[in-house]
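Following this line, the structures themselves.
In the two complexes that follow, chain A is the common piece, with chain B as its partner first and chain C second.
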Partner chain A sequence: MIAKPLTLTRAPQPQKRPLSRAQRATRLLLLALTAISGYALVTMHTDHLNWATAFASFWHNLQLMIVHPHLGQDSWAALLQAFANTIALAMLTTLLGAFLAFFLALATARPFAPKPLALAMRSLMAVIRAIPTILWVLVYATVIGLGNEAAVVGLTFHSVAYLTKAFAEAMETVPPAKLAALRATGCGFWLTVRHALWPEVRASLLSWTFIRFEINFTNAVAVGAAAGTGGIGYNLFMASAFNFDFQEVGLIVYLLLAFAICLEFVAVRMRKHLTH
Partner chain B sequence: MPNLYLRQTARRRWLTLIAALGLLVAGQLWLQLNDRQAFMGVWAGLAWLVHNFTPDAAAWHDLPTITYQLWRTIVIAIAATSVAAIVAVGLGLAGAATTGRIRWLRGGVRLFASVMRNFPFVAWALVLLFSFKQNDFTGFLALFLMTIGYLTRAFIETLEEVGGGAIEALEATGARYWPIVIQGVLPAAIGGLLSWVLYMIENNIRDATLVGMLTGTGIGFTFDLYFKSFRYPSAGLVVVTLIITTIAIELLATHLRQVLTH
Partner chain C sequence: MLTIAGLNKTYPNHKRGLEAVNVTFAPGVTAIIGPSGAGKTTLLRSINRLITPESGSVRLGDQEIRTANAKALRKIRHRIGMIFQDYNLIEELAAIDNVLHGCLGGKTWLAGILGHYTAAEQARAYELLAEVGLADFATQRCADLSGGQKQRVGIARALMQSPEVILCDEPIASLDPASTQAVMTLLGDLAKRGIMIIVNLHQVDIARQYADHIVGVNQGRIVFDGPTAGLNDAALAAIYAKEAVAEDA
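And then the complex of A and B:
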């Protein structure tokens, strides 16, 4: 028997797989980002900026800041007091915000709040969050006068809205069966919160509060600089925008950097402690 | 024994509560706050806001200026984030434990990211304003410098999630470093990387108001101008457009993130 001659046929070409939804979204997003960035860079108003001198002066000031930090108009005592003010401001607004946000989150989280209330709270908090912290502080500085009170109220506003959202999301991860079990035994609202909800969300609430503390510290500096409500931010603003003393700016930057890096270290330790 | 345990946890709970209250009181005493004034001020401020900031007919004439400045701000915030993302991909590849081949460079990148992340952005804004004066590029550079540290750190974590196993498997086939990175690591991580970029764009558009106030550019400067010349209805219109934009971008980014990572 003669074997049928073997014909070499080409293996069927693999069909080009249609792109998945995620791949299409990725390509579209990359394209959009490139187009928008290109447009922005091409149409940027630079007003006859002399690039060479601008970069040279920036580099020079950066060197002054980093290599030669030095005291300027303010004494060590004044700087440290302003620094302590900023820390106190951040701490106070974070604690206040966390305390208020816990109760507001109970009115926002799905297992506790009736639907219309939850929706209303969610929208309200989204609107408050959408207004930048600095605007709240500026408004309160106008109404109750320039000072720590304005900064406290302004920073607290934003903290409450931010933490309410974060806390409510954390509370929604608690298994509903757990809550139902306690309710079935006849536990009232607060007992359920205390014994079913609190142990589950404690760790995550704590870590959100700490994240907000870091944000509030940055905001407290910014608010002092932009609204003039005091704290180290104001010294930073005066040193650079009024006295052009970049050596003092450098010193303040080192102070703030040291504190922020300590916070980051604590945060990493805390996260390890909480997850174990 | 359980009795002792319960007593101890109860004591610790009370101590935590007292410590928190102590910090509250200490902070309040240190800042010498007038609580009554502050508390009454909350409602007074809201009433003042509604009364003065409601846009009137004159304010609507400013709408073209406001929307133009808002558009410029958004576009520049996106550009600053995207350019920072390109740099951060390079830094992330050098800093991640799985793709970084040079040990001291890995440590160096991490240190750089940590310093940049914690560098007070107020200082960037003010120093840049001095050298680059009041123009779009100052805002762009300030946002760029603020973003680079965050993105580098986030990218390092995202790239490390791809895992050494996949890289080892590709190495076993004889693939070289760059093909592994470009065809193996980056495509696997792109969804995560882009989610971070979206998150930073959202954040930067929020922060752009503040940066604009400090550097005298964009929508922040527009607001500052209206606010300081007592044109409150126009300032209110700026706030309204900011609220709409921020919420729209937040919703869009959340939706895109869901599509990208599933």
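And then the complex of A and C:
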């Protein structure tokens, strides 16, 4: 039997695929944004602007911030106290949020909650999460007045919704059979939660809580500036937008950076400790 | 004695789990055998009501289990140990902590929530781990144990309940032959101490080797109930009837 000679066939040319609806929408949006930006640039009134002076001033302010950070109108004690306030605000709202979220997650996670309740909880938490934290703080500021109280309630409110979702998802990873094994020994609901669920989700819950603390710290700075609730955010706002004291702005930014680095260091250590 | 009478269970997908099951379990090792999906697990889990049957009766001594209220059910469950195919241990905890879980059902709520164990309970847990050959693994995380070791921790957890009955849901399905022998021998020894052992098995030869009594289940019905010596080819054909037909087809 003679083997058939191999014949080389030309690979079919790849055809240009038509754009999907989403791709077309994205391109259209980018095009529109480019057009708006272009129009804004062209119609900008720059008659009074001296570009050379503007760039020199910008460079000077940047230098003041980065190379010459210094105290301005606030003393070290005042700055550190404001800083401590912001940390306390982030910590308080995170702990409150985590505590409430744990119980709400039990009413949201599928192994524990009946389907209609789980669905209702998920929907409610999604609605709360959809509105940014700052807006919640402003909403509560109009209800209970500007100040730390509005910040505490607003930040906690959003933290609860965020952590409830995260905690419920962590709880849903625990095989129901493990919970059934504890129930089979005669344990009731809370004993099963304490001895079967908690050890399995502890690491995950602590990790989420820490992530939320980082978010709440950032939010606490922002609400200090935007909603006038005090803390280091307020000092930052006053130093930059009112006093134009860029040396103090630089100092505050360095303080925030140092704290962020410390948080990251703690987070890495904590994750290592929890996963080993 | 554990008596089941007229037990029926239908799943939400209309699959018949159990149909008019009548069986009495006596002390010793009773093996429940049958093809996959025959209702072995449903029958076993109906005993401690991890699955709730619609009708019928399950009685341990003079206590009715099927209709017991939540508090009574917890007390009854504490008298019935259970071991699982997938062990169902809390893997993040040490072996000793998992064994101590066995006594939670008998403690006050506060002591249970706080995880407060008496010195006697702790000593008993260590003793049980030694009994199942894991004295040196007491403080080791369960995630780091082998399958056979995990199953023995599961047995120690069940023994911590000082149970009258131990339900075993395919306890050797995930084990190698050596571990299978160790686990089945251990269950046999427990039966000799007066604990009623009810074990779901897929392996007929293992059931013949270790069980005193065999219950054969097929399509949710009891098709054989008798001493191991009575399990002849005709009985096996009845137990695995559908499976045989499916294989022939």
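Note that the second predicted complex is superposed on the first by the 217 of 276 C-alpha atoms of A that agree within 3 Å, B and C clash if a C-alpha of one lies under 4 Å from a C-alpha of the other, contacts with A are read in each partner's own complex, and residues count from 1 in each chain.
The rule we apply is simple: a contact is a pair of C-beta atoms (placed from the backbone, for glycine too) under 8 Å apart; a residue touches a chain by one contact, two chains touch by 3 or more.
Because the structure is a prediction, the values reported are computed rather than measured.
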Could you say whether A:Leu146 touches chain B, chain C, both of them, or neither, answering first, second, both or neither? neither
Looking at chain A, does chain C or chain B touch more of its residues? B
Let me test your reading of the model: by the given contact rule, A:Ala260 touches which partner, first (chain B), second (chain C), both or neither? first
When the two structures are overlaid on chain A, which partner does A:Arg21 contact: first (chain B), second (chain C), both, or neither? first
Who does A:Ala84 touch here: chain B (first), chain C (second), both, or neither? first
Using the touch definition from the top, say if A:Arg202 reaches chain B (first), chain C (second), both or neither. second
Counting only touches as set out at the top, which of chain B and chain C does A:Ile36 meet: first, second, both, neither? first
Note: overlapping chain A surface for chain B and chain C spans none
Show me the residue ranges of chain A that touch chain B in the complex, using the header's touch definition. 21-22, 25-26, 29-30, 33-34, 36-37, 39-41, 44-47, 49, 54-55, 57-58, 61-62, 65, 84-85, 88-89, 91-92, 95-96, 126-127, 129-135, 138-140, 142-144, 148-150, 152-153, 218, 221-222, 225-226, 233, 236-237, 240-241, 244, 246, 249, 252-253, 256-257, 260-261, 264
Which stretch or stretches of chain C touch chain A in the complex? 48, 50, 70, 74-78, 80-82, 84, 86, 88-93, 101-102, 104-106, 109, 112-113, 115, 157, 161
Contacting residues of chain A [partner chain C, same complex]: 175, 177-178, 180-188, 190-191, 194-196, 199-200, 202-203
Residue ranges of chain B touching chain A (in the complex, touch as defined): 20, 23-24, 26-28, 30-34, 37-38, 41-42, 44-45, 48-49, 75-76, 78-79, 82-83, 114-115, 117-123, 126-133, 135-137, 140, 190-191, 194, 197-198, 206-207, 209-210, 213-214, 223, 227, 239, 242-243, 246-247, 250, 256, 259-262
